[in-house]
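Before I ask anything, let me first share the structure, which is written out below as structure tokens.
Letters are used for the chains, namely A, B, C, D and E, taken in the order the chains are written, and counting of residues starts over at 1 for each.
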């Protein structure tokens, strides 16, 4: 086996959301190589389930996926473990209304129709959590599945709904057209939204590789916080965004500290579980000890709680 | 008859083979559940009513887009037929039509028709209508001239000739168009739901797939397979009856 | 069965005597093609006597079917006039029945309904329809097939359905365009006998287009021989048969005379074509 | 393009009418819902100027060509076998037509489960769409070949291979080309749908992300590119067909 | 042109004299249908003398094409034997050419290439191919159409392409299955003349299946009349024409005699069918 072999790993929503920024930065700046592994490519995909299955099937079965996808896969008996956390914020999510709308706050949504992407999606979950936080009866807000963010905005423009969920970077691209009703990050406390997973077998056989990936990603996160402007340039190139938009997208995520360095925060994890329960995707509490394995984290992070 | 039997035997054998491979674990559970389990699952989800709304939505949309594409396709076919100049111009385009990836026009439809069923129906109609147009043209072309002449001999009106001679004469060809319209409506509606929408059987399958819920996923796939097979068999038997009188 | 003195050649000028049942005068027909015009027929003069059995023979494409269309009012002549029972032909006149060269049975109707089609459109009383259809179906030997669809019948039987469908309308002028084209010689012979029987029973005027000289010779009172396109009548041959003739005439010497006469005419036409470099 | 497709002035007029309709619709619904023809062409030109876009094109083309080659080889071979073996053909035909009218997208999860999320899944999905029509057309080509051709080659005492290559192949070619034309379109559709649902590269992937980001001009530009490509190939095949068959 | 004494009826037993060019003995053919078996032909005995022009007439479906298939080695008889030039027929023998009832021209080849097809497969020298093809194309009156494709030709011309394609192979036995079915009477007459010329020039043995009695009567040395299915020969009529006859014979009394004789035979067969309740 060559000392440094090129590897491909998977990241959910690669190219569409900010989840992948640490990988982009780490690859661009050679941080993975420094950590002892040559990551040459990222495989992205839309759905969480697809990513999980794809991770399981690939030569280097490591990837970052939505928490819900990891838990669902685990619940269906797939042999995987969570080895680090990825993103930990909901700051990129918001709800918008038309500029002339009379709605002032979350409370005004009662008795109204709003657009979500699809039933049981993250967009619905965050909406429900916001409503609960603000004490609005979720039964009073009628949710319409649009199939995606863009169709949801179209419904909004056509007055089929009064509000629509939205996510960055789309919300930045279209910020002139709508008024933001609330930002999920302003209402909700941070929670873990994505995690790094691998198979138990791979972890046991290639602990060094795994540690290198996690370390490389961590270095990427640190680099983001150190130099947001450079991060924006990297993102801009990779995601083919306009410079201004890329800059704003990155800058928006710096204060809420969207990217975790990898450490597990049970409170933030459970907050996500709470949300998933709200949309009925999981029924019971999660026994994290059966799912998590912190032994591949850098030593200082293992200690953090 | 024996061919029918053989066909049943072949299909049953294939199902049994899959069943066996699943039961023996050659096909892992995570990849596919045994056909018998799919049936049980299907029974369960139908009884629970969990997907009733999706199922109703999907099949209603399929029915609507079939009817629309048949009616519109027939009307368009008649119009194009009666304008030979237009026809010459349009025919080379019709021949290439299926090479156009129709579903990319979804974003346009949602601005025109709003989000939801109407746009999905529009995609399905767009996909299905051309078969009906082509079949109508073909059917009208194939009405032997002598049948129209016969109408004249009986001193029938233009409308009478159209209803009592031209329509029945073209029926078998029109029915071919109907069959294709049904198939393309199925494909159009379910594929749009699968990729673009937040409701319906197509969406439910994609959703179950993402959540690793192989039970409901395969049950819904089975449901679609069964409905398509039944509808197809039904249409084929009508077709055969129409053809049986005709075949020369 | 008996044969008259021999085939008589009649003058090409139309017969002036009794008022004709159907009459063509100076009829021509031209088709406009995309790049040219095609002179398909004429000028043709023709008088059909009431109750006459008249056959037309002529090379393929000489305009026989075109002639029939004009007599039936299905298309108008370019020039000249067509008359039926003293009135000019405009549209399809009442009392004219046509059996077309192509199979015109309706494949979606069974034999009975095919035969009843015209009567139903004409609003004839149902009991009367049933009576006439039964008779015609029996007459044409289709009784066992009354409930069959055309697809289950042979080409010859389908043609009989069309004949029956025409007969039930009790036309006074029957135009038949190669009705036996799909049959073999034996069956033609039998169908010819039946056509003669029908003709005797209804005393309709019949115009039969055929390409079989023997058929024309055996069935007709008079045979018109057409030239190549644009078709005109180059000869009229009177057969002189008695009215109650049947297929047995084919073994008489007189039959040989008529066919030889027809053959000779056609051969001359054929040689003309050849020397004109066509064919 | 112009020399291939619109052979008549009428077709050009219809294309023009489509353009006018497109522009009209654009004015009606606004630029954010429907890019104008000019915007679309401009966007396509700028996309084509990037190497990135060509990588996606080549990704799609690679999957498509592999899928099309497999559909062709498999479909024609299977079709010939089913055409020659009458019983097998009779048994298989209704099964195939039913499979053909299934919305194959519902089977996509199964394909992913079997092939993973790589090019092989896309190829498999393309083949699923393209194989059956080619098979059915080839089978019918063999079945409906006039028996007198085979008898003619017998009378000329041709060897089996002579008969196959000089009589049977040319005789069934037109039917096969029709099947291939349909198979071409459907294979392309299959590969694109495959890329739209789960992929990281290719035109279908670009389409989904453009749909997700609401980049209507990108959507239209890719649609235009695909349409032009497919229509051109189709017209080429029709032309080859006409040249080969003289019917 | 002259006619011999009259149509002679020959005994049904095969002629024992000169060794036959082709010979059938007790040949029958049965088709297995899904639900029944169909006795299509025979038993048939037939001897074709070298250089003879023999025609077969008989009702549709009586087994004429089946008989031809057996002679050509395209299908094996159920019982009995077929011989060609003294050797039993197994597969298609060398020296046999067939023109089928259906249009067998290859639509993907132009007229020249169609005609040259067999020669090319047989590996004949290109110069020789060109020579023979030119001759055959000219002979069949297709010179102006050498570069045309079958789709651009009429049915009759396509049939001529098939005849030319067979002729260039210089077969010693030519089997023709209703080759002029698509033509009108005039053109048939002309084609008949050409066939006779060909026959004289090549001195091949010809078996012609036709449903036109006149054609059989004019062209053949001998006509075999077949019964309805299962077809057997019920009569052989020798015409007694001289070898250098042509279409002018149609206006001789002798021609009338032969056709009358053939008609009579067929009429008897037809009546048999009718009384058997068929048709």
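Everything below uses one rule, namely that a residue touches a chain if its C-beta (ideal position, glycine included) is under 8 Å from a C-beta of that chain, and two chains touch if they have at least 3 such contacts.
Predicted model, so just to flag it, every value in this text is computed and none were measured.
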{"item": "Intersection of contact partners for chain B and chain E", "value": "C, D"}
{"item": "Chain whose Cα centroid lies at the greatest distance from that of chain B", "value": "E"}
{"item": "Reference chain C; chain at largest CA-centroid distance", "value": "A"}
{"item": "Two chains sharing the most contacts, counting C-beta pairs only", "value": "B-D"}
{"item": "Chain C-chain D separation of Cα centroids, rounded to whole Å", "value": "53"}
{"item": "Approximate Å spacing (C-alpha centroids) for the pair chain B, chain C", "value": "49"}
{"item": "Mean-CA-position distance for chain E and chain C (Å)", "value": "31"}
{"item": "Euclidean distance of C-alpha centroids - chain A vs chain E, Å", "value": "85"}
{"item": "Shared interface positions of chain A, touching two or more other chains", "value": "47, 50, 148, 150, 154"}
{"item": "Of all residues in chain C, the ones touching two or more other chains", "value": "none"}
{"item": "Residue list for chain D, restricted to those that touch at least two other chains", "value": "33, 112-113, 197, 208, 211, 214"}
{"item": "All touching chain pairs, where touch follows the definition stated at the start", "value": "A-B, A-D, B-C, B-D, C-E, D-E"}
{"item": "Contacting residues of chain E [partner chain C, same complex]", "value": "57, 59-60, 141, 183-187, 189-190, 211-214, 228, 247-248, 250-253, 255-257, 259-260, 263-264, 266-267, 269-270, 273-274, 279"}
{"item": "Residues of chain D defined as touching chain A within the complex", "value": "33, 52, 112-113, 116-117, 197-200, 208-209, 211-214"}
{"item": "Complex contact set, residues of chain D against chain B", "value": "5-8, 10-11, 13-15, 25, 29-30, 33-34, 87, 90-92, 94-95, 97-98, 100-110, 112-114, 181-182, 184-186, 188-189, 192-193, 196-197, 207-208, 211, 214, 216, 219, 222-223, 226-227, 230-231, 233-235, 238"}
{"item": "Chain B residues within the chain C interface of the complex", "value": "144-147, 149-150, 152-156, 160, 164-165, 168-169, 171, 244-248"}
{"item": "Chain B contact footprint on chain C (complex, rising order)", "value": "72, 74, 91-92, 94, 96-98, 100-104, 106-108, 117-118, 121-122, 149-151"}
